[in-house]
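So, here's a batch of structures to check.
One chain, chain A, appears in both complexes that follow, with chain B as partner in the first and chain C in the second.
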Partner chain A sequence: MKIKLKSTLENYLFVLPAFVIFSIFYIYPFSQVFFLGLYEWDGILPTKTFVGLNNFKDIFFSDPIWWKSMFQAGWITIIALIFQNVLAFLLAWACDREIKLKNWYRLIFFLPPILSEVVVGLVWQWILEGNYGLLNSWMNNLGLAHLTRNWLNDPKTALNCVAIVHCWKGFGWGFLIFLAGLQTIPRELYEAARVDGASSWTAFRKITLPLMVPVAILVAILTILGTMQAFVLIIAMTGGGPAYHTQVPVLRILASMRDSGRFGYACAQGIVFGVILVAVSFIQYRFSKRSQARGA
Partner chain B sequence: MKNPIYYKTKNIAVNTVIHIFLLTIAVSCVFPLLWMIGSSLKTQSTIFSDVSLIPRQMHWENYYIAWKEGGFGRYFINSIFYTTAVVIGIIVVSSLAAYAFSRFNFRGKNLMFYAFMAAMMIPIPGSFVPLYVLLNKLHLRNTQLGYILCMINVGLSTSIFLFKTFFDKMPRELEDAARIDGCTKFGIWWNVALPLAKPVLAVVVVFNALNVWNEYLLALLIFDSRSLMPLQVALMTFQGEYITRYHLLMAGLTITAIPIIIVYCLMQKYIVKGVTQGAIVG
Partner chain C sequence: MMETTPNISKGLKGYSGLVLFFIFSFMFFGCAPKKEESLTGKTVTIWHWMTDRDQTFQELARRYEEKTGVRVDFELYAPSDAYSQKVRAAAQGENLPDIFGLLAEKRDFASFVKAGYVSNLTVNMKENNAEWEKKFFPKALAVNEFIDGNSYGVPAGIYGVPVDVMTITMLYNKTLFKELGLDPKKPPVTWNDFLAVGEKIKEAKKQGLVSGWGEIWMIDCLASNFAFNIMGKDKFLATLRGEVPYTDPDWIRVLTLFKEMQDSGLLYNGLVSMVNKTAEQIFANEKAVFAFNGSWGVNVYNGMNPKLDYGVMLLPRVSDKFPVSVWGGAGSSFMVYNKSKNKDEAIKFLKWLTEKEQQVFLAAQTKNLPANKEAIGNISPIMAQFSLGLEYATHPNTWGFSESSQVTEAFDKGVQSIIIGEKTPHQVAGEAQKIKERELARKR
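Let's look at the complex of A and B:
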């Protein structure tokens, strides 16, 4: 009996460190978000003021910058979904064959994703710099001087520049996942198609594309969740400017907390944003289930 | 019937197009990094006028200045310290838990495991606010320990998942033999299970090392003292203070990026494995 008890205690000892750290640094903050969201609090005073759902009311009715930032994150996400993922798929498809330098390409395409957002953001900020940046000096040499501008300081271009750099940094993920997906397609299917007289285009359309739908959905969900929450790259490139034109939700939450000292409001923003993220990925998941069922 | 030469030419044409496409993208991936290194070797005056990739005069002393005066030496050592400490912490804590989840039966096991897995999937963008408050209360803010514990927590779920998947597939004979020989549970975990788990250990190490080295937000919130800052936060601080000293900033960026690139080139196999395995979870 005693031995059995000791053995059970030992089992718990194995998970104890993980569980303690997890409870303190994940579960507790997680639950506190919902609690603090109902208060007005500057993070310093010992007293919090209960304001009910007031913070949420403010978010929905009197915080246009929050919704602007939400749409801007959505815009970056749309560009990433289309541009980054199509590029990733094409590259993976091009690499999924007997081709020279294949391993080199794979090595290089995953180089941007392993670098930090700070490094990538600051390097591109220097390339896109208005007065001495490389892009502008190239354009001057090519006779395109009239098109040069201060790319990251111009409200018209700042957001798109950020989006493109985000795609540059991120396409390697999609590339690796697509490539792994393509490599699971049995070669015999292509052989059989060729024997039956199908052109390579037909084989691509009838074999490759349908089999890649689940992988594409996975990549899309990862892209949405990742891009909506990206913000360090933006801090490094524009700091959210010019005049809120590259603000995104996480930057707003950070600003509510650090600049305005509204800790409760920041938590409420976090809840609204989290719910939207979960809803979007859930809708996409359902949508994918349905399209898969129809395809089968 | 078209003749073989037609097919051969077509093949070569297709291959050429594919190679041009791949090469263009590959160059666009590498070029900004070369530009970063090139810029780091120019001077305060030539950096704004010289647009050549390889400067005529290499000013290697920029690295010395960045390392000493820019303080990047200090930040570099901080980053190395945090990365090492967090990775060791994650390996011990997560492999212990994963081993229990894989081998033992106890009450609440499944609930706990699913809690860890759920944490991997549910995004909570605002949770750094209460975390900041909590660290303040525990007097862990602006301390090395606070940052290390937070970062261990960040890597925990994924690492537990990777370890558990591996342990589940691992044959138990050796562990049984060790038990018959009188080895304790902890002894078996340390002497038998962990050494056998080397392939997954490599994935866990590489992934978490990259993650800690590149982390920005928590380091920003936790550290006020410069002497404790890791590279990523220090780079942003440096950029904010010396807006025009691009050559030193680029030297700092290179110092930050090079170790990661070296690790990546050496451990590429494990990174690819981790990405594809991680993708299956999501």
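Let's look at the complex of A and C:
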């Protein structure tokens, strides 16, 4: 009995440092943010006014711009999930094969993610500028003048332009993870398939795709979390405009805190946003697991 | 190969001693006091965000130490957003420096005062027959003043020291004016004249007005100028108090002006998501006929294109009922930390900084308008044109009321929507009023 107790205490002792660090850096700040969400506070005065769940009520029932920003972040995420990840996977698959200069391609594809988001945003802003931008200039030279527009100021194109640049900036991460995943697939499986007369397409469908499902789940979750929280690129490209057309939740949280001095409300927005992200990731994970189990 | 391994290992051992020596030296000296003490042992620390003025501030600090033996440390934290957050965080931790600048609306300024972070300088301003107070332009001082019965609940007094003053008004490019067949000595005076220039700009396929309208406060600035001209200050303030709705015909007229500017070709294509830095660059590169910008732009334009030939004009008059106004007053101000141990030294330094000699030097070096009236005679011709705007200056910090930030955002974002043709002035006014009523109900 004594030995068992000692062993249990020892186990707890080993876990203690991690628990303490986790509590200080995660649980405590999170609980503080939650409690601040129950107050009206301007971030300056030492006094705060308790408003209960009013901030949360306002977010759900009186803040259409918040939900518009959520929808827009969701739209960018959908575009990223489809285009960014498909592109990343196809390029990783190409680089995993025996092609010339494959290391060179790997380097090139991984360049955008390591560039500063502000720099990327400003460069693309210059490319997409309506009056002297590079894109419009090329289109004019190609005889497509009727299609030119002020890409970042037109409500019809601003969000999609931001989404495309976000994909361009981010596909390198997916590429890297997919490439690592592809390299773990034993080459013998492909050789055996070839011996059995399987075509490249069949090998891809029957070997590569099923074995890459766990990697794809990981990349998808990272894409959702990364894209929903994107804001630096958007600030650099459009500042959230024109009007509210490229606003995303993090920009709204910043606006509440910095421009309106509503720290309590900003904390409540942060909590709601965090809960939504966890829920989306969880649902996505469950769906992927289920489809994976069905596949097996 | 076999022999080299032990040698390398031996070599590394030697180096590791050296590395350890450097690490410990770094730790030891890293813990030493950062800067030398001044002759008097007193140091006044100042936080600011003004990158363009930092060098001049450092020079002034050097001169002050030479004169008094008191060291002054100007610490620059930029960009301004990061600076604002730093000041708020430092206030919470009661770690503010002896002197700091505030980049905030009057509402936040009031919170800083109420929280006890900012010293009331009224006694210092008023002593010796108000000697210090009389040195400043009254409008510059008014920005740092809370009057009796103000809506923020702050005891009446002067809580800040203006270092320079600014006005925000309309600028026009004289070279482009000539190219359009216009007389550069006669900028448009009335609204119709202004729209007529827009038509000429459109015909000549040039670009019109640039400004940082992606940063919505500049839209707010122009809109309130128009509102003062159309409805007068009293009705404007009544709107802030909730006594006049935004759906009032005068407000609809204010919003319609933005649509008219867009329709006549006066606005630069892509204006609504433009930051002011970009706007300044475009105007400096002579790619826009007009700019709506502050007097700080003189220094910026001079740096980007010293040959730029431009003039300053008042905003075109929309109505004859009320005078045209411009935003103006204190450009940047310094506050004294109320809990500072060096409060007296800090006030002494600010008095010295705002004396004529230092103000002339500051204005000459940074091309900003001085806050000290006596120093205004020594400014450049273009700055003199800006200084004329001071006569018509008004500033939100002097109104005694602040509009709710949610209403301001809805109004200004609404103006962006009008410019991109997405909403009508009536729609925007209705939306702003709806939020105004929600905010009024919340306050009640």
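Throughout what follows, the second predicted complex is superposed on the first by the 267 of 296 C-alpha atoms of A that agree within 3 Å, B and C clash if a C-alpha of one lies under 4 Å from a C-alpha of the other, contacts with A are read in each partner's own complex, and residues count from 1 in each chain.
Methods note: a contact is a pair of C-beta atoms (placed from the backbone, for glycine too) under 8 Å apart; a residue touches a chain by one contact, two chains touch by 3 or more.
As the structure is a prediction and not an experimental result, all values here were calculated from the model.
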Touched partner set for A:43, first chain B, second chain C, both or neither: both
Which of chain B and chain C A:137 touches, first, second, both or neither: first
Partner chain in contact with A:214 - chain B first, chain C second, else both or neither: neither
Partner chain in contact with A:177 - chain B first, chain C second, else both or neither: first
First (chain B), second (chain C), both or neither touched by A:10: first
More chain A residues in contact - chain B or chain C: B
Chain B versus chain C as contact partner of A:74, first or second or both or neither: neither
Common interface positions of chain A, toward chain B and toward chain C: 43, 131-132
Residue ranges of chain C in contact with chain A within the complex: 81, 84-85, 88, 91-92, 105, 107-108, 111-112, 114-115, 117, 207, 214-215, 268-273, 275, 287, 405-406, 409, 413-414, 416-417, 419-420, 422, 438
Interface residues, chain A side, partner chain B - complex: 7-8, 10-12, 14-15, 17-19, 21-22, 24-30, 32-33, 36-37, 43, 87, 90-91, 94-95, 99-101, 104-112, 114-120, 122-124, 126-127, 131-132, 134, 137-138, 168, 173, 176-177, 180, 218, 221-222, 225, 229, 232, 235-236, 249-250, 253, 257, 263, 266-271, 273-274, 277-278
Complex interface listing, chain B residues touching chain A: 15, 18-19, 21-22, 25-26, 28-30, 32-33, 35-36, 39, 47-48, 51, 92-94, 96-97, 99-101, 104-106, 112, 115-116, 119, 122-134, 149-150, 152-153, 156, 160, 185-186, 189, 210, 213-214, 216-217, 232, 235-236, 239, 246, 249-250, 253, 256-257, 260-261, 264-265, 268, 271-272, 275-276, 279, 282
Chain A residues within the chain C interface of the complex: 42-46, 62, 129-132, 150, 152-155, 158, 238-239, 241-244, 255, 258-262
